[in-house]
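Shared between the two complexes below is chain A, which pairs with chain B and chain C, respectively.
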Partner chain A sequence: MPKIFEANKKAFITGNEAVAWAALAAGAEIMFGYPITPQNEVMHYWTRLAPEYGKGFLQTEDELSAGFTVCGAVQSGKKAFTATAGPGNVLMQEPFGMAEAMRLPLFAVIQQRGGPSSGTVVYSQQEVTLTTFGGNGEGHRIVYSTATHQEIFDYTIKGFNAAWKYRFPTFLLGDGYQAKMREPLEMYNPEERGIEMVKTYPLVGLEGKIGEDREPQHLCNIYSLEEELYEVVMKFAAEHEAISPELVEYEEKECEDAEIIILSHGVVSRAADDAVKILRAQGIKAGYFRPITLRPFPQKQLREAINRRPARKLLIAESAYGQLDRLTKQEIYGETVAIENLFMPGVGIIDYDIINKVKSIL
Partner chain B sequence: MLTLFLFLQEVFFFTQQNTARVVEAYVGEYASGKSEMAINRALELKKQGRNVTLVDLDTVEPFYTLRTLKNQLEKKGLKVLAFSREQSFGLGETGAMLNPAARWALWQEGDIIMDVGYGVLGAQTLNLVEGAYDSPELKIMAVVNYSRPMTGNRERIKKYINSLGRVDAIVANTHMGDESTVDLIKEGNREIFAVAAELGIPIFFQALDEKLRDALEESWEIPVKFIKRFMPAAIW
Partner chain C sequence: MGMIAPAIPKSWYLPSKPHKFCPGCGHGIVLKALGETIDELGIQDQVVFGCDIGCSLLSWNFFACDSTQTHHGRTTPVMVGIKRSRPELITIGYMGDGGGYSIGSQHLLNSAVRNEKVTLILVNNTNYGMTGGQMAPTTLPGQKTETSPFGRDVDLTGYPTRGPEFIAELTPDSAYVARATVSKYKQLRRFLRNALRNQMEGNGFSFVEVLSTCPTNWRTNAQQTWHFLEEEMEQYFPIGEIKTPFGKGDK
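The block that comes next holds the complex of A and B.
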């Protein structure tokens, strides 16, 4: 494949384009998708790049098919992905569930939009619950919540690797703002940064006789025996928990002596970061904590940050009505820090929203 | 070659200045800066005391471009043919439709600046505007930002311009948002000028963020328009 990027050259692009370029850099071979705002340009740019670099694309008849075709493609050993949003994410929960059940290395980009609705296209952070715990399963998934275009690029590459290394469906969770806004970032060939791409491999059609040359490949999404289901779910849960320490990622700033810690994720954390700087300049001891992985959640690290001083309050700020709040509470159950919230579903949160809230509760 | 190119450019400007009214359509790659150029051009004409209509021709996502800026721009004296937030209420994704007034944009009095948003079909989108192709006044401007990877080298720029259909002039809009520098712009625009010269298309102007006005030390051969960026405030 021709070299994709010139070294040290920045580009000015949207978040959706960053996904397409990053998927190319990660060696993705085919995208399956169905158009939905605000992820359309992931598809648009992939279809522009695909012919140049010998890649594939299939627009399926809906999101169910897009999800299932990814499930099929990865079984044949292809590095495949999809991207969706809102009601498309709802429809894809069935194939995502299949990927959970069969431990398929599925990678999907979710550009969150508002709800409840099938047609609302505006920004929101209301697909946290759906992306982390959607479907009729236990949320055995890996979910990265990005905040910048650079991270969209970096974590798309990382997401493919996580999916193929751990064999849990992996998601990059963005939103309408990140999808559409433009900012500079550095695009690179992963190998030149010392990032080794996990080799893909077929899961079906393997050589050798079962029982003699190899163990059977147990790819199953139907468990009719209660005891079998019990065993499978317990095994997946144990494996998911076992890999969590090496998977969790987070960002923490100024929590050492913080009276109040502001917890946010994704694009809102950019406002939280600014807010903490301004509050500190005003002599208010505020700290910043941002889970980058929402699944698995950096619960141990958050507990440590809270208990360092310890902080009196934890302010959870999100463009949703408590989806991050619920996720956090279940993860840090037992902590006695007072939890406050700033819920602004559908509305972007800026530094002063957070500053005003902090001042009203301290 | 450069002399001929500069000559053509002068002819172009001469024609522009002497046309009874200005009718310009801004086309180009997605996120190349079409809306920004169209807004700034419309405001520039308005400042000259002219009657200006700005038309949103985004056929893919008509509610995300000028929508949130409509009221602000109308306060500055522009007539804006675009859906406002209130008008698009409830339409959501099913509302990918052209504002009916945009079809008859050329029937408006005074100058017409058209923002052919999204950039998928280039100048082809103008078939939605009655009389556009027959208009002797219409000038189609292709906006190019060298920092966009799809127009990030000469070969790609050439391929892209050629895919747009009719292009009467090019607007060089190389920039990197808040990380823009005069050197970066100069370097990128130089590549755009080279392609323009090769294709025989004049450069209408090069855009420079007004924040960089002080950093511009020497005068540039190709005319510079200082622009204010409005689109970062158009968050939807």
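The block that comes next holds the complex of A and C.
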């Protein structure tokens, strides 16, 4: 694979631009996309980089088509991706479901915007449920929730690898703030960091003469019998559960003696991190826990963090009305820690929102 | 003297035969013509065959060609995704009138406008067969279906979609657009050959609608079935090459 960067490259760019560069560094070969704010600049940067690096791009007629063209491209063995948001993410649940059913290595970047419906074009964390458990299936997906531009770069590379290694559809869950703001990061060629890119391979359009060298491929996502589908879904579930321990990622700070643990994900975790520092300086024993993978969820690690002191309270802070809260409760069912919440659907959360909430409940 | 075995295309996948289409259904004829055309052009190893949901779904393992099955209406974008990624492959999308003209119409229309180098075959039997015979975009005026039990009322539901005609309007001269019928087998073969040649030569979008039969949902006997196909359907849906880069169209 050709080197994209001569040396490690320090940059001060938007998150959408970081996605495009990271996809290039990860060896992505073609992007399919449809305009929707706040992900547009992923396409804008990709279309400017594509000719120079011999990459493909197609602006499709809608998000259904963008998702299904990615499904076709990865079936033919090419590293393909898309990016979307909000109502586009809703439409893409159909192709994402097919990717789940056919175990296609689809990679998509979701830059969350406000909802329901057209909502706002700005920001939210309201696409957690949709991205983790959307579709008429069981959520056999991999979802990384990033908090910084460095993570956007790192996890785009990691996301392509997870998709092609495990063959579950994989998502980078960002948001409008991360998409549009600029911040510094270091870009690199994955190989120079010891990251081996997983080799791609086709499911259709294989080498060799049919009937002599090989059998024809017949891929499907529909079954005649209940029992056939049952076998397939149970196998997916077992595989998804088996790989979960090696996939889960999280960040934990100051939970050893924490009376209250603040649980957040994505960009809100930056406010939580600041809030914990300020609360600690004021003598309040606050801790910080952040799932990086929302699917699979670091439930074992969160249970351990809660039970270390044990914490009396868990404060779930999110820019949604309880999507992380529901996800967490189902994952840590049985824990007796009191769960409080700070739900601010579709608006940003700053350190003082969290600090004030903590003081009101301690 | 023993029975003479029917000639079976080399590109058919024998473990899936006999096929599962209803007796009297036209799909078998279309797929036989397609199989013979794949054999004739020697492209079995380059073809990626994609099928839709609906009766066309039953073709998912019909050919000894790499095949993939998609969602209702979504075969077109999957074929486009494959072709855009691997132009050396020959992509054949296979769908019904509901999948192509209704739920997947935006994909059909836009892939035609973009002159995508794919070949799409749409089987028109004037109804949704697999789901039990509902009204389709192609249901004829006055035709009874499960959702137009008193006959299609054009004041309420409009006139049948003439697909090849509208696709011809959307495409440049390098596209191939035709309507065939299962009642004219040699012509069907020729149209399919041209539609595949057009993709192989890298010219542009290739589309063949094939008029077909559905005695199960039409509730017709053999004679009535053939009458409906040859008289009523052909009257509304004229047969012929509407746009071809290969010289004069065959009307």
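For this structure, a couple of remarks:
Heads up, the rule we're going with is that the second predicted complex is superposed on the first by the 344 of 362 C-alpha atoms of A that agree within 3 Å, B and C clash if a C-alpha of one lies under 4 Å from a C-alpha of the other, contacts with A are read in each partner's own complex, and residues count from 1 in each chain.
Here, a residue touches a chain if its C-beta (ideal position, glycine included) is under 8 Å from a C-beta of that chain, and two chains touch if they have at least 3 such contacts.
Since the model is a prediction, treat every value here as computed from it, not as a measurement.
When both complexes are superposed on chain A, chain B and chain C end up sitting side by side without clashing.
Of the two partner chains placed around the shared chain by superposition, neither chain B nor chain C is touched by A:361.
Touching more residues of chain A than its counterpart among chain B and chain C is C.
Of the two partner chains placed by superposition, A:339 touches none, neither chain B nor chain C. Of the two partner chains placed around the shared chain by superposition, neither chain B nor chain C is touched by A:198.
Contacts of A:41 after superposition: chain B is touched, whereas chain C is not reached.
With the two structures brought together on chain A, the opening angle seen from the C-alpha centre of chain A toward chain B and chain C is 100°, to the nearest 10.
Touch criterion met: A:10 reaches chain B, while chain C stays clear of it. Of the two partner chains, neither chain B nor chain C is touched by A:90. By the touch criterion defined above, A:58 reaches chain C but does not reach chain B. Annotation: superposed on chain A, chain B and chain C show a minimal Cα-Cα gap of 21 Å.
The interface of chain A with chain B does not overlap its interface with chain C at any residue.
Chain A meets chain B in the complex at residues 9-14, 17, 21, 36-37, 40-41, 44-45, 48, 117, 119-123, 176-177, 180-184, 187, 348. Residues 30-31, 60-61, 63-64, 92-94, 120, 145, 147-150, 152, 175-179, 232, 235-236 of chain B are the ones touching chain A in the complex.
Within the complex, the chain A residues that touch chain C are 29-30, 32, 56, 58, 60-62, 64-65, 68-73, 75-78, 80, 94-95, 98, 102, 202-206, 208-211, 216-222. Remark: chain C residues 13, 44-46, 48, 50, 53, 57, 60-61, 63-71, 74, 77-86, 89, 106-107, 109-110 touch chain A in the complex.
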